[in-house]
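Here is the structure we will look at.
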Amino acid sequence: MPEGKELYMLMLRRMMLIRKFDETVKDLVQSAELVGMAHCYIGEEAVAVGACTALRDEDYITGNHRSHGHPISKGGDVRRAMAELLGKATGYCKGKGGSMHLADFDIGILGESGIVASALPVAVGAAMGSKMQNTDRVVISFFGDGASNQGACHEAMNLASIWKLPVIFLCENNQYAVTTSFKETVSTENVSDRATAYNMPGVLVDGQDVMAMHEATVHAVQRARAGEGPTLLEAKTYRYEDHSEGLNRILREPYRTEEEIEFWRQRDPIDIHSKWLLENDVASQEEIDKVQNDVYEAIGDALQFARESPYPDEADLFTDLFADPIPLR
Amino acid sequence: MPEGKELYMLMLRRMMLIRKFDETVKDLVQSAELVGMAHCYIGEEAVAVGACTALRDEDYITGNHRSHGHPISKGGDVRRAMAELLGKATGYCKGKGGSMHLADFDIGILGESGIVASALPVAVGAAMGSKMQNTDRVVISFFGDGASNQGACHEAMNLASIWKLPVIFLCENNQYAVTTSFKETVSTENVSDRATAYNMPGVLVDGQDVMAMHEATVHAVQRARAGEGPTLLEAKTYRYEDHSEGLNRILREPYRTEEEIEFWRQRDPIDIHSKWLLENDVASQEEIDKVQNDVYEAIGDALQFARESPYPDEADLFTDLFADPIPLR
Amino acid sequence: MGEITYSDALNHALKEEMRRDEKVFLMGESIRGGIYGVTGGLSQEFDKRVIDTPLSENGFMGAAVGAAAVGMRPIVQSLASFAWVAMDQLVSQAAKMRFMFGGQVNLPIVYRWGLLYGNNIAAHHADRPYPMFMNMPGLKIAIPSTPADAKGLLKTAIRDNDPVMFFEDNNLAGSRGEVSEDPEICIPFGKAEVKREGADVTVVTIAGTLRPALAVADELESDGISVEVIDPRTIVPLDTKTILDSVEKTGRLVVVDPAHRSCSVASEISSIVSQEGFWSLQAPIQRVTSLDCHFPFSPALEHLVYPNEDKIADAINLTLE
Amino acid sequence: MGEITYSDALNHALKEEMRRDEKVFLMGESIRGGIYGVTGGLSQEFDKRVIDTPLSENGFMGAAVGAAAVGMRPIVQSLASFAWVAMDQLVSQAAKMRFMFGGQVNLPIVYRWGLLYGNNIAAHHADRPYPMFMNMPGLKIAIPSTPADAKGLLKTAIRDNDPVMFFEDNNLAGSRGEVSEDPEICIPFGKAEVKREGADVTVVTIAGTLRPALAVADELESDGISVEVIDPRTIVPLDTKTILDSVEKTGRLVVVDPAHRSCSVASEISSIVSQEGFWSLQAPIQRVTSLDCHFPFSPALEHLVYPNEDKIADAINLTLE
């Protein structure tokens, strides 16, 4: 696992990759080249990047509908991700999943779930498997403030706690579920306050600060690997974009103020980290710009790859439903 | 609502009614006169009686599979309850519900659910309805330690809290779910510790002491009527019987010790209350004996009523599915 | 009378019924902002009767049962794919409560389910669970396919004293049609509508498949094939008589249903007709359904799963062979 | 070979497969004590591989998916009526995951569901949801009706690399039959068994209805009516060929299914045969199912809902009219 400068630059790179990836997604939705639904992670990059850089390749993550940041943070391939979004055969899921369902089992990305909170029990199961097989692999399960009100969340956290499983429940509290403020739906002040109900540590982290996210996750990972059980991390963060691309067009009333959005834009995770790199003499502006340029190129390349990739074939429809296939009706 | 001696004697009477009712149920199961499943409340009587005597007739309760104590505590008719258990047309549900599904909507008994924790959201809805209709009716939802691990429990408590609904969540912690100790399934020491996760008071009560149960419930009811929202009460209690009648026959290994059972028998709720009545000169032994005799008579009468009642008619099958009926297929 | 959209027709039904009866209220996720179209403007007029909920479908769909049990008339809004997380309350409480308690309680609840499919929405959002609910006693099920049916059936659903599963096909959201402004016009449950008369083949359609079926019928007209198209509108209760009468006339039946094939409504209607209309049938009944395969995201694949005009035309032709 | 009970047959299958492959483990509520019969003795031999869970079905049934995704082979035990609370994990994860992720992952999970009905257990415990799961792609479904099938199908289910819904009819728990002791005998999925040969009418039975159907067949024999009885054993995959071949021979079909009527497996089989076997049919197909009504508790009512010998005999006679 990278350390020191290598780590810090990797954080920068991955945050920038996500940003550029999702800005491209925005454009593609606007031009109708990308069909279906897409939920951008812009503004929240530090959360997944800080967390996933605390993991080994063989560790696991599960994610949700806001779905591009998690796999990219875990080292996912932006080409295959972009191809998936365009429904191409070269995509992560051969075009069968689309934006909300990226997965790369080879590097522990156990997949994103479009059903809110539905991946949490799966994450618990992966941790069970890890423990039963005597590996020390840990699992991070990403979920939103909205998801925290689902029953699945309760059951998953309790199971993980009583069985002391190596799971980190990482709540990305971007403060809204679609248009509904978490203050109106979560009965405690913070989602992490609920950790006491499961006898696990609950840690509130600044989700705009990739270094803080990383550090908090490192602790939780240590705890998990040591067999001490799960942790609930809550990252306070913000999404700049609509809940999903294009949704605001049909919104009758704004649900958040321009000031609020602006406040959070001032706390941009990439800016904060860039500044930190500069102020601590970790990297020069040129180095940062170079990462930026590399990332632009990588995403440009990914888009080209996706565009040039073939669509799946009719015959592909009839595969992948079962491992031991049966005739389809 | 009764007070003073009238209340204390009512408590005694209802506890004795439940005890005798369920002892009769035991016999009926043994002799195979009662078919299906039956879960006895023996040993836990103080919980529901202490709680329901803090309610008005028009207040609501919901219950679970351990299902005879709740309606009797709320003033339910033992004749109609017993008739229901025998599947008779005169039963509360015309024989359609049976032991696990007693209800009396006329006096706020919104029904027992055989699916564990499934009545909690219903209770929350009744409280919503109460509030929307500007009544000050409150709801008590009874559930077990096992039920506390269901997602429905989490969702119900959070909803009640954010909407400040007049619900009391009353956990009957008899320490086991079938053969599984709550210590192995609940991640906190007490179920009531989870109240903080919903920003509501969590109160641990001695479930063998009907006076303590009553007092704790009175407080929670006041809070609910005042619009201050829900409370989580946890009654530590114990069931003397099998999880359901006859289950131990097929059990391979005992899951609790004779000593433990004996310990709790020494804390019998009816004994404790009788002693209290005597020691505080509220009632004489003769008065207590008289209640006992009355109760024996009432249950004897209920059994006779149930036995002599007719079974439902074939035609009854085709009613009650819909209020605005459609042809049945 | 005027032409309005399917979405607006639903909106009007809600508005009229909420004005008519103050016990009617609405619950759902982010519905006050009207993000999903239909509820726009309602929070302004009815304020506290339009409730934004947390993401706790099992919780609030069960709360609807409790509220109904004590005298309210809740309407719950969600997407069909989110029924899975709430299944226990829908089945164990909404569908079973009345019967189990011997008829002591009425449960006037409308669960409004958006049906998304055919729009590259992928497997997690594309469910069409109405056949499953049809296998569960205690639930009425309506699936309107025109603006007029949408309004008229929703009004009936709201006034009905039983839990109604009301499926709204989002593919029709913007489709337009004549809709009466008379607030007393309700469409009774259990009455199919012959959407197009014909003599040679009966086509029964569910939800959004009415439109491609009508298009095919128009096309085949020029080949001299006369197709009768019937929309049952409610599948519980199901108007078997209208369907059987039609098959008696035509001797041929195609059932089109966007649900997966096995144990679909198409299967049910097919088995009813093959039993009760056996002696009228001159050819095997054909089912045109979604394949028993999840909806893939890719635009290159999705349409292969779903019934379409070609498949409907082929099926009709098969019955005429 | 020896006569053992249906429950013991299941127990043997579990034991043999757990010995064979240490990735196989068991989860469920209070299963270590063996209270539900089948798991008795397993916790003694396999200790940590037999896990008592909290009452969190959605949680642990989803955990099974996660465990399977990383290489384990979980077996989950529950009752069919408790599927509702876990529906999201069963549908959104177990059934959809493999397809949605383009085949990246195998999910070798067996969900064992006890079917209770016909024992005055009332509506909350009497569900028979297999037709609903049949409407959901991605799940294989087995429903054994004899001890030999129970053992052989469960072994196949455990070795299969896909999620299998395995329904165990508790009415059969104590029924006895010959069962091979050879640990390598597995019964393949998708192969119906002709349980009794006959020439006049084909009766297809699901789950526990095999026994009353065989009894009726024996009785009708003396009236000179020869009944063929077929148990599909798995409904996904469904062996339509064996059924169609039989109908080709007999020209008559009765399908018996303890599920509710609408959108049942009986509906599905009926609609398949009425389409693909149309020209063989000499009489309308009859379905004998549970009514579209919940199971009432009362001993006076419950049996009215359920298929029984009389209803099966009547249906057979109808096809012969």
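As written, the chain order gives the labels A, B, C and D, with residue 1 at the start of each chain.
By our rule, a contact is a pair of C-beta atoms (placed from the backbone, for glycine too) under 8 Å apart; a residue touches a chain by one contact, two chains touch by 3 or more.
All figures in this text were calculated on a predicted structure; none of them were measured in a lab.
**Q** Chains touching subunit B and subunit D alike, please list them.
**A** Neighbours common to subunit B and subunit D are A, C.
**Q** Which one of the chains is farthest from subunit B, going by Cα centres?
**A** Most distant chain from subunit B: A.
**Q** Taking each chain's centre as the mean position of its Cα atoms, how many Å separate subunit B from subunit C?
**A** Measuring from centre to centre gives 40 Å for this pair.
**Q** So, what's the distance in Å between the C-alpha centres of subunit D and subunit C?
**A** Centres of subunit C and subunit D (C-alpha means) sit 30 Å apart.
**Q** Roughly how far is subunit A from subunit C, centre to centre by C-alpha average, rounded to an integer in Å?
**A** That pair's centroid distance is 36 Å.
**Q** Quick one: which residues in subunit D touch 2 or more of the other chains?
**A** 53-54, 56, 58-59, 81, 84-85, 88, 92, 99-100, 122-124, 137-138, 236, 262, 291-294, 296
**Q** Two-or-more-chain contact residues of subunit B, please, as numbers and ranges.
**A** 93-97, 101, 113-115, 118, 149-152, 155, 158, 162, 184-186, 321
**Q** If you connect every pair of chains that touch, what shape comes out? Choose line, ring, star, complete or other.
**A** Graph shape, chains as nodes and touching pairs as edges: complete.
**Q** List the residues on subunit C that touch subunit B in their complex, please.
**A** The contact residues of subunit C facing subunit B are 25, 48, 53-54, 56, 58-72, 74, 88-89, 92-93, 97-108, 137-138, 140, 160-162, 189-190, 236-237.
**Q** For the complex, give me every residue of subunit B touching subunit D.
**A** 35-37, 84, 87-88, 93-101, 113-118, 146-147, 149-152, 177-180, 184-186, 247, 250-253, 255, 311-314, 316-318, 321, 328-329
**Q** What residues on subunit D touch subunit B, complex-wise?
**A** Against subunit B, subunit D makes touches at 29-30, 32-35, 37, 40-41, 52-59, 81-82, 84-85, 119-125, 261-262, 291-294, 296-301, 304-305.
**Q** Which part of subunit A faces subunit B closely enough to touch in the complex?
**A** Residues in contact with subunit B: 149-155, 157-158, 161-162, 184-188, 193-194, 196-200.
**Q** For subunit B, which residues count as touching subunit C in their complex?
**A** Going by the criterion above, the answer is residues 60, 62, 91-97, 101, 103-105, 110-111, 113-115, 118-130, 132-133, 137, 139, 151-152, 155-156, 158-159, 162, 319-324, 326-327.
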